[in-house]
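Dropping a structure here in structure tokens format, bear with me for questions.
Chain IDs A, B, C and D follow the sequence of writing; residue 1 opens each chain.
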Amino acid sequence: MTYLWLIPVFTLIGVVLNGLLGKKFGDKFVSWVGPGAVGLSFLISCIFLFKLVFDSPTGDSYIQKLFVWIAAGNLVVEAGLILDHLSVVMIMVVTGVGFVIHVYSVGYMHKDPGYARYFTYLNLFIFSMLILVMADSFLLMFVGWEGVGLCSYLLIGFWYEDKKNADAGKKAFIVNRIGDFGFLIGLFFIFIEFASLDFESVFSMASSRQIGDPVIVAITLLLFIGAVGKSAQIPLYVWLPDAMQGPTPVSALIHAATMVTAGVYMIVRCHVLYLLAPLTMSIVAVVGVVTAVYSASIGTVQNDIKRVLAYSTISQIGYMFLAVGVGAFTAGMFHLMTHAFFKGLLFLGAGSVIHSLSGEMDMRFMGGLKKYIPITFWTFLIAVLAITGIPGFSGFFSKDEILWNAFDKGNPILWVIGVFTAGLTAFYMFRLFYLTFLGESRFQSEKELHIHESPKIMTIPLIILGFFSLFGGYIGVSHSLGGENHFKKFMEPVFRNSEIIANSTSNAENSLGLEYLLMIISIIIVLIVLIIVHQIYLKRPDIASTLAKRFSLAYRVLLNKYYIDEIYHTFIVNPFIKISDIFWKIFDVKIVDGAVNGTANVIQSAGDKLRKVQTGYVQEYALSLILGAVIIIGYFIFR
Amino acid sequence: MEFILFYIFGFIAVVSALLIILQKNPIYSAVFLILTLFSVAILFLLLNAQFVAAVQVLVYAGAIMTLFLFAIMLLNIKYEEKAFSKLANLKITGIFVTFVLFIEFMYMIFLRKGLGIAGNISPEKVAEVGNVELIGKILFTKYLFPFEVASLVLLVAMVGVIVLAKKKF
Amino acid sequence: MVPLNYYLILSGILFVIGVTGVLVRRNAIIIFMSIELMLNAVNLTFIAFSRYLNSIDGQIFVIMVMAVAAAEVVVGLALIIAVFRIKETVNVDEINILKW
Amino acid sequence: MDYSIPTINLSVIGPEIIILLTAVSVLIIGLFPNYRRWSISIVFIGIIFAFYDIYYLWNLNQVGFDGMVLADNFALLFDIIFLIGTLLTLLLSGNFINQYIRGTGEYLSLILFATLGMMLMASTNDLIVIFLGLETLSISLYILAAFRRSREDSLEAGLKYFLLGAFTTGFLLYGIALIYGSTGTTNIYSILNFLKDGSVEIGILFYIGMILIIVGFGFKAAFVPFHMWVPDVYEGSATPVTAFMSAGVKAASFAVFLRLFITGFSPIISQITGILAVLAILTMTVGNVIAIVQTNIKRMLAYSSIAHAGYILVALTALSRNIESEFSAASIMYYILVYTFMNIGAFGVVIYMEKSEEEVLKISDYAGLGFKKPFAAICMTLFMFSLAGIPPTAGFMGKLYIFSSAVESELYGLAVIGVLNAVIAVYYYLRVVIFMYMKEAVLDFSYLSARPVMALSLSISVGGIIYLGIFPQSLINLLTNIL
């Protein structure tokens, strides 16, 4: 496999061509080069996928060492690329979804002054992401890790005219630094402990360690900090909602489908280490599930369509962490993949909505768009059904597998919270859907004239992703549902060596019947929520606004007519919305945000104070010099 | 005799050194610096370093201090209303810190163990060969390279002064 | 023979007086003179060590230091004069446009 | 008592002689206005000859002047670094020279004299030559800092640098005197033998002498709290001079540190690990924290250069703890070389941005550069990334090596603080990039014209940081074998 480098190289060529010649040759050139480069990468990835499936019956991985990167003392790191059953999944997602989104961007970014710049960044992102997933050492992975972060900031602040965008980029930057710090320290710990940064040798050395080895626990925790930062989990999630300031395709590609899931990929890649650290695993699971429920609840009170989706992304990644935290790595990867399809589709659909409404993002000013933009409507519906886990759609299979694994390998409480989150997910997604597409139209009348379905170049990607959101789940239908679970089989070689540990936690007595029961419970909950949302937002849209205003005159009228509804509102929905509101306004905005900004401010003001020491008086400089000398000499004399 | 000379010139050196930094008039300061340099030169003589003592008087006290006086006259600064820095904190902290530095030096001197490996140039040898001849010999053999480099330093200084003083640029 | 420590103490005193002068005076020329005083104190240390080590290397070092000091004096005074031409002052506590 | 004329062996100081001759000839040519424009070419020819001579001397390990001058690979490597710095600076000086056309000879020769001083510092075995080399370097730099003598800030920079430099010289000399007193020699190998011998107890005189020497060179290398001159002098000096200073002086000081630590002081150097560690932490933190609030790009780069001294000091601390570690020493040299490229490069873009009369130094002035002058902006971006330590640039590799060497010497806390600092630092480097690519231009960049020579210098720097970032191995191999 000496041609692995072909996968990322085209995107790099794309970066160079777009970056250097894009302005000169115009938008048409860029529109071919940008998506074309990713398309080529995708085609080559497909070839490698087939090669892996058919040529490698034993499930071996391919590693191509490019060159010796560092060899000093006892540390040897080679820069190499790896293709195995794990990385190929990510490669396919990155290049496949990436290609579709590139094509969509051609339409979405049409006539933007920064067109060439946009595709340069986007190609650079795909390149970095491919380096991240194909890296065969922690170091190269870190290179990709930094690269995607960088592209992310560049693209968040893409429309830099607005100061808010620049601030959002800044915030993303600071938060990610904290994560990267953890990652880097983890890297050094690995280096100390194993004298190598190569996945293969580190894992083979680690597998002889005892379960619960404190060093491994420390390493995994540090790496997890990195994952928390990159994948926007509690407490480092604050940057993601703000990251929505970037162009919508960027949100779809980077902040939903690929980059933010890098943390999950990293943990799965290091599953050998994580399985040796049960403590970390439970922390991962708890952080995942808490993030899932917490951000889902915040999602229910957002009015900006993209922010709802952002919180939804955080919540869904929480699911993935839950999965990997209980040891169901395959389930996590499976959800990662299906999530890439339907969340990418949701964002692109939202982009199409925003596009058709000339930039309106507030759902309170939407509604009834069904008749104006039918293709967007239908594909969006598929995505909504997929994310809420309606049976038959891709999200159902993956989410169900996670929930079952949470129950089976983890703890019933995890399952309860997970199902509750599923209910919340259904609530905010249907709410979004109803507010946007159904009911009365509430947009300003002058906008109505311009409403139009997006051009083909934007709708075809929607249809493609819709197809995968619908059918993508069928490659992983679990045995209990009569499927073959090809996905699990495909992934098996990756976990070959750690199979014994991975399966040991499974409770054998949990029967098939129980699995069906749990599945049905979660479906029923989703359906109940669907009915409630239907009641609130479609039949009586005014209740929703009443809720916002708390109790007004309309309350009395409603009380008589919809007695049941009102009890429900007063005792369930209303307190719940209040709690969500508190979550959002206090925890999210004040505490977590405040901590991030606070850190930045502390450093800033420390700098402001310290610079005043530099008074400009040469004698004070001399004084500081002597003071230093005196202290050092004093230390030496009196030590 | 040696002790007496040491005490006398040591005392003069310290007092005039103090007066350098206490005098308001820069010209007086310069004169006291000359006095210090001169008494240190005498101490050099006590230490059997006749050549260096001569250089000290000729070059230092003679040439360099003339330059100082010349500069002071040129700038025409006679008196300073305030001789000391207007930074009040600086004076207090500065004196305190230098006092600590002084204590540390004294501590170091009293605590010091022996000296390094002694050479073979005993006072008798110096008396026999003569200090200047010895210095000349070693300067042009063992220390030939530093001697050449010292000329480079002077060349750089010359170029530098021309840069700073040239009329037009 | 006067003990070595006497010379070391004397040179220490001179050095510290020089340091004090640098810190408290405001006239750049006097600061510079204080620096010269420090260098001379160091020279005294060198010569004293040289005497008590029966070695002549210290004296060579002193000669080099004097050459360097001469070079520095020339450059330093030229600088001070150049500053005076522009700013009409040589007080270092009035020269601080570069700060923070 | 007989002294014989030493074996002089002039070929040992071949590169130094070539540079000296070049300096003197440009000084003379500078007197003739008609031939003045040839002087820069002569300098380049001289530097090329010097490179060739270094190539010739490589691996020969010659010794001259009774062991006072060395031409071992260590010295030659540092000669290469200094000459690269000089070359890059001179390629960037075109505008400055045109502005002060009558001072061409002086400017070029002073730069070369300073280079010569650095080369002497790296290639000697005796404290006396190190001292003289340092003074050659310093006096040249005092003048260069004040070179624009009609400007208040430039003169102030020169005066401040001079006063503090001379003041520190006092401390350095006192340190050398104490070392001389406690060992009886100023030769570094003799000091080593004295320490190894152990017949005489190593007293406090020696330790304090060593500390004062560290203070003296720490001043030049900008360790906190001896760093105060750096921002003011960097801001006040002409930018090409600043670029030269930032890379060269630091490299020369670290060359001396390495020479002293690895040979002279090696038996007892582990005793100062604690002090060095504290200095490293202070230097990194103060540099980075103050850099964050700077608005003037030269001052920002000045504080950043302080922070970088801190990073190198981390490796030096690691070296002091584990003096056998070739890796630590190699990481220091690697970082210095990389730093030379990236820092001079960054200053190169600053020079490019300057107007002939006034400087354009606010970071906000860089807004929109990315669209108007893509080449300069891309170069600047890469330099900033490299300074920040973002892969795949050489700055990242350098930091990785440095922190790995700290880890290797079991200085975990130091490594963690270093990484934390590197994390903070990205903030202010990236701010420049954000201004260039994410803000509307406030300046009309039409005054910027293409300057091929400058572009050459920037390209060399960019090539250096990219090549060394992706393929650092060959250089590291070379460096580990050098000692």
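In this section, contacts are C-beta pairs under 8 Å (C-beta built on N, C-alpha and C of every residue); 3 or more make two chains touch, one makes a residue touch a chain.
Since the model is a prediction, treat every value here as computed from it, not as a measurement.
Note on interfaces C-D and B-C: more C-beta pairs are in contact across B-C. Centre-to-centre spacing of chain C and chain D amounts to 26 Å, using the average Cα coordinate of each chain. Centre-to-centre spacing of chain B and chain C amounts to 6 Å, using the average Cα coordinate of each chain.
Computed from the mean C-alpha positions, the centre of chain A lies at a distance of 70 Å from the centre of chain B. Rounded to whole angstrom units, the spacing between the C-alpha centres of chain A and chain C is 65. Residues of chain B in contact with two or more other chains: 85, 87, 90, 94, 97-98, 101, 104, 108, 111, 115-121, 134, 138, 143, 146, 150, 153, 156-157, 160, 164. Under the contact definition stated at the top, the residues of chain C that touch 2 or more other chains are 15, 18-19, 22-24, 26, 31-32, 49, 53, 55, 57, 60, 64, 68, 71-72, 75, 79-80, 82, 92-93, 95-100.
Contact with two or more other chains is made by residues 128, 132, 135, 139, 142-143, 146, 149-150, 159-160, 163, 167, 180-181, 184-185, 204, 208, 231-232 of chain D.
Chain-to-chain contact here is organised exhaustively, every possible pair of chains being in touch. Every residue of chain D that touches chain B in the complex is listed here, in rising order: 1, 3-6, 8, 20, 27, 64-66, 68-69, 100, 102-103, 106, 109-110, 113, 116, 120, 126, 128-129, 132-133, 135-136, 139-140, 142-143, 146-147, 149-150, 180-185, 194, 200-201, 203-205, 208.
Here chain A touches chain D in the complex through residues 19-20, 67-73, 75, 117, 139, 142-143, 146-147, 150, 153-154, 157, 160-161, 166, 169, 173-174, 177-178, 180-181, 184-185, 188, 191-192, 603-604, 606-608, 610-611, 614, 616, 618, 620-622, 624-625, 627-629, 632-633, 635-637, going by the rule given at the top. Residues 85, 87, 90, 93-94, 97-98, 100-101, 104, 107-108, 111 of chain B are the ones touching chain A in the complex.
In the complex of the two chains, the chain A residues touching chain C come out as 611-612, 614-619, 622-623, 626. Interface of chain C with chain B (complex): residues 1-2, 4-10, 12-21, 23-27, 29-30, 32-34, 36-37, 40, 43-44, 47-57, 59-60, 62-64, 66-75, 77-82, 84, 90-93.
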